[in-house]
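Next up: the structures, one after another.
Each of the two complexes below includes chain A, the first together with chain B, the second together with chain C.
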Partner chain A sequence: MKATIGENIFQFILIIVISLLCIVMIYPFIHIVSISFSSPSEALRLGFHLYPKEIDMTAWNLVLSQKKIWIGFGNSVFRTVVGTFLTLFIMSLCAYPLSRKYLPHRTFYTMIILFTMFFGGGIIPTYLLIKELDLMNSLWVYIVPGLIPTFSMLVLRNFFMSIPTEIEECSKIDGANDIRILFQIILPLSKPVLATLALWTAVGHWNSWFDAVLYISDQSKQVLQFFLREIVVTNTDAETLGRSVVGNLKYESAIKAATVTFAILPILVVYPFLQKYFVKGTMIGSLKG
Partner chain B sequence: MKKGFKFTLVLSLVLSMVIAGCSSNSGNTPPASTSKTNSTNNQATTENEEPIEITMIGSTWEVPEEDGTFVQQYLEEKFNVKFVNYRANDENFKVQIASGEIPDIFPHNIGEADMVNWARQGVIASISVEEIKQYMPNYVADVESIDPNAWDIGIVDGKNYGIPRVWLNGSTGFIPTYNGEWLDKAGIGAPTTLEEFEQMLVKFRNDDPDGNGQQDTYGMTGRGKDARAQLFNTVYAAYGVNPYHFKEAADGTIIWGGITDEAKEATKLINKWYREGLIDPEFMTDDNGLIGQKFNSKKVGFIETNMYHHLYGQQQTFAENEITPVYGKGLLGPAGKPLQMSNGALQVPLLLGSQVEKDDAKRIKILQILNELATNDEIYLTTVFGQEGETYEIQDGVPVLLEPYASDGDLRLGKGIGGYYNPFIERAVSTWKFHMPQDRLDFKEQLTADSEVIADVLGPTVLDSKAKYFANLNALQDEYFTKAIISNDEVDSILDDFKAQWLKAGGQDVLDEATKVYQERQAARQ
Partner chain C sequence: MDNAVQQKKPKVKQLKNNFRFMWKEYKKSKYLFLMLVPTLVWYAIFHYGPLYGIQLAFKDFSPIKGIWGSPWVGLEHFKFLFFQSPDFLRIFRNTVLISLYHLIFGFPAPILLALLLNEIRFSIFKKVAQSLSYIPHFFSWVVLAGIVTVMLSPSEGPVNYILKMIGMEPIYFLADSNYFRSTLVVTGIWKEIGWGTIIYLAALSGVDPSLYEASKMDGASRFKQTWYITLPSILPVITIMFILSLGGILNAGFDQIFNLYNPAVYDVADIIDTYVYRAGILGAQFGLTTAVGLFKNIIGITLVLGTNFIVKKLGQEGVL
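For the complex of A and B:
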């Protein structure tokens, strides 16, 4: 069908609006990346920064030569990779039984788990719990307390429920036990939702810093976001307090920009590849009950 | 059924966010009554006399990662004590306190509101003034030489809760700093009166001082986003007031700067300049970083948010941006003399954990150690700078860190030097000399000699009504003052409205209490 003039105009306006939106969203990234490559005076310049007028790699050299940054990077990668894998594994083990209608007291169990979404202990009781569990200053404190994100688990459960039980019965006839059905039938069928949940979990792990601040005082176990915060936020009054983390006030803004860029880079690289699942998975997971 | 479940899911998501929001604010719950010292350090030094164990955290940064650093060993040997290193940062310190882990010596950067809460909750020790005077004679003499009323700050419900502290830089004023090139181009010197200042603003705005052919420069901007006491502080000081400070009124009562007629008059002048387009309209959202950027990239020709020690640190930046800073004094205005705003020297005292209150031997030992840390040259140098010859050397009377310690913070932490074992770093008169090389001393002299400052008459004094109302009152004031400054010549009505609102919203209680406290102190001094 041929589009009418009205429709064409509408499309045109849509494209313009969306392009503007894209620019608004992309510009901050360009700005920060550009500043990270700028010389001190260029970085201090007001106005738009689309590309550095003179390229100065000092800030990047300073940031990448920091031992802390690499320690943080290593710990962040550890918690993201191990944390995401374990979360998906344990979450599947939890969601699968809850998705089967023949599980006795299924609603009761679901409600108990759902309850934790409504009520948490608050910072101090949680802190005391972590201390009693002897998780203070341990890398596992990043992974264990939030091992099963309730909301994600329910999304996964709902997805499993949408898989016809006939498939399961069929496999049972062929001699598969429950564990085999989960790992060889159900999980492969759930790839889109698993990818989505993996992305949620991974981004959550990568971005989180508050648990690191609360529970970790050993610098060799800190995550990248903690050092990022130290450099970008806490360090703002460095001159007064004499505690410049990077020790180079001249390049302060470029260093901050370089650190920020370095910290978002991994997510930026991974995101486009998972994005298609992200949209698909969200739609599928949320609508089945 | 299906719909119902979907609804539950959405609802639960929303609720979980609300609850997460609430629970992250719950940091003020009262602490558990039992206090436990964490005993991570098991390398007990065996002495003939059992050493006293002191849980130490002098600062929440520069925290040594290892136990038994050079400074720790040095102090342990010197005083026959054993330090347990308490590790925390600014974010988790309060949580650790609330969970019942209370150090013996608190970090030096505690806010007054926390001090009051902790005093009432039994977290911190009350220490009698006589005892401090008895065991810390040198330090007390130091403090009282700066401000004999330094004790006022630590009094909660009639009891003293800490060791008074002063910050020597704090007694100097904020320095009005001008772009020298722009002044030359305009053919004027650093303004000394409000009228000259106004002429300067006009020239900086209209005469294209950066020579790029566009009218894109402003005389000044202001710190409107944070630290509002610094917003146009030079102009307010010329009227003898700061809208965010307490002030003594003519009748001996305490008045809040923001509701005085002086503040109104000053705001009228600023409003006039704003309407004439002389002030950067972005002042509302500018913080110190942005103001510095604007000054350095030559968008504004005047900056007022630095004290001398900030400016001392920025010499290189100015040079790189080809700016010759010209430092002025306060402006002569209705106050009748040139005044500069100052933060004041008084700070929240150094606090000790409540367990120290019951343990006489420990408390006395701590006081003695603190006295030495602040005033004994050798001990001060060792705790702050390390070993002479290895980590620092004395050049022209001041210690200078040697490489690689000067540039590598991690190495310094490995030695334990800095503020962690010495909460009086840069805070005591006797040892202040080690931070003042001759050029810095000269610079300070050049910038601050013969200047008069105005400061908050109460300083960080604890008032119950302040804790109750102040956050709201300040928000109210931020809003009204911004509105008045950008209004169309309606400063009078807006600020009258503000005064009424402010007094009604708890301001009157604050003033009554402030006056009472102030007059009690005045009476006690006679």
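For the complex of A and C:
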């Protein structure tokens, strides 16, 4: 079918509107990165900042020389790597039995788990529980209480349900048990979903900050987002903001921008390569039980 | 003889049989069940464990006596909240208002964007636009608060630069009670609009193309096609998303508000969750804030079940 003139005009307007929207979506990130490399007078200039006029690395040097930034970075990497791995492992162990029709009382167990999505104790009872379990100021508090994200687990379960059971019945005849079937047959078949869920979990871990605010007071166990919050949101980290050094005072904007950039860099770097995996899994699962 | 015994104790026998049957079933799939055990234990501790603490809503908590040992006070906390507390009305109103604004403006936004993206014939452009629109979704509100603060700053921010260019006075969006809620809604849309389109675009790609062909024959305009074919086709998805967001009506967005608000805007920005954090964790009023949390949870679950029920009555598919 040939496109009419009206159709072409419509497409043209559409593309302009969507382009403007995309600019709105990403400009703030460009602005921040640009400010982080700017000299103080440039950083304070009212207006748009697409790129730094002349590159001034002072703010970056200040931020990267802070020990706590690296402590936070290390702890964030720890929780992201270990947490994602453990979550995928336990989540598979949970999703697989729930996806098999021959699990006794399957509906009952599913309901027990579904219920937690709609009703919970709330923040205070959870806080007291964590205290009771002696998880305060322990690195495990980042990983264990959120070990199974229920929604992601259900996505995985729904995917497992879509795998035809004939494959596993064959290997059952050959004498394989359910654990072997999961690890040798089902999981290799589920790589794309696992990749999506791994990315969601990893991003969630990297971005988490509230558990750090609630449960961790030991500075050596804090995550990057916590220090970022002290610098950018609450403005309480005088040391990193360079308030003690007279000449550094004017670098505050650039220092904040550099810290933000430092925290978003890992995600920005991997995003172009992995972005298709981020989206894939959303199609697969729905909430339907 | 055997028969006689069996008749005397039919119930016991039946129970025994049932039990034996169950035992056999579990034995048959023992590995499967074994896999599930750790997660059941985990759910019991970390999701059902906090439910034990809900009793604090009816108790006067003292850290020395513990949850169990603290004395009961009945509905005292609720009475205080509903009739005496100066804060409750304010935080409840703020929570509902902010949520409603998010719902009214934030809920249709991704649907609209999905409809627009769906009309683009230039597929590479469409893909790039989608990928770019997801980006803010991947960052925490700590990061985004840092960025939003710079963008909206009256002295350095580009937004106020534009306002100045068109001859307006600079606006301090984050410290002015008149603008704070709108700022929340707009920044909330900015973060989630792209990501929100995914599910609708998936639904849109499933619409039968022959419907459009047929309607074109009948001379339907683009708008009519959207209204009579596209929207009804994705209505089930819209319904499910709507139920889910209604259930969260008392979640006005803790992460966002907690990182953006300041005492200057508490009167319009303080919501249930921020209040619970300040009064509960910082102020150690555990009993009172547990009561607030319980109140919020009950409303949440009632709304989900209620809407689900109504939607099912109307002949649509629900969530549960």
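Keep this in mind: the second predicted complex is superposed on the first by the 267 of 289 C-alpha atoms of A that agree within 3 Å, B and C clash if a C-alpha of one lies under 4 Å from a C-alpha of the other, contacts with A are read in each partner's own complex, and residues count from 1 in each chain.
Please note the rule applied: contacts are C-beta pairs under 8 Å (C-beta built on N, C-alpha and C of every residue); 3 or more make two chains touch, one makes a residue touch a chain.
Note that the coordinates shown come from a computational prediction; the quantities given were computed from them, not determined experimentally.
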item	value
First (chain B), second (chain C), both or neither touched by A:Q184	neither
Touching partner for A:T165 - first (chain B), second (chain C), both, neither	neither
Touching partner for A:N61 - first (chain B), second (chain C), both, neither	neither
Which of chain B and chain C A:G122 touches, first, second, both or neither	both
First (chain B), second (chain C), both or neither touched by A:Q11	second
Partner, of chain C and chain B, that touches more residues belonging to chain A	C
First (chain B), second (chain C), both or neither touched by A:I113	second
Chain B versus chain C as contact partner of A:S41, first or second or both or neither	first
Touched partner set for A:L214, first chain B, second chain C, both or neither	both
Contacts on chain A seen with chain B and repeated with chain C across the two complexes	44-46, 114, 118-124, 127-128, 210, 214, 253, 286-287, 289
In the complex with chain A, residue positions of chain B that touch it	1-3, 5-6, 8-9, 12-13, 15-16, 19-20, 23-24, 26-27, 29, 61-63, 65, 87-92, 95-96, 98-99, 289, 293-294, 296-297, 299, 309-310, 313-314, 316-317, 320-321, 407, 409-410, 426
Chain A residues touching chain C - in the complex, by the definition given at the top	3, 10-11, 14-15, 17-19, 21-22, 24-29, 31-32, 35, 43-49, 90, 93-94, 96-98, 100, 102-104, 109, 112-114, 116, 118-129, 133, 144-145, 147-148, 177-179, 182, 203, 206-210, 214, 225, 228-229, 232-233, 253, 256-257, 259-260, 263-264, 267, 271, 275, 278-279, 282-283, 286-289
In the complex with chain B, residue positions of chain A that touch it	40-41, 44-46, 67, 114, 117-124, 127-128, 131, 150-151, 154, 210, 213-215, 217-220, 234, 236, 239-243, 245, 247, 249-250, 253, 286-287, 289
Of chain C, residues touching chain A in the complex	22, 25-26, 28-29, 31-36, 38-40, 42-43, 45-54, 56, 67, 113, 116-117, 119-122, 125, 128-129, 131-136, 138-140, 142-143, 145-151, 155-158, 160-161, 164, 190, 194, 198-199, 202, 222, 240, 244, 247, 254-255, 258-259, 273, 276-277, 280-281, 286, 289-290, 293-294, 296-297, 300-301, 304, 319-320
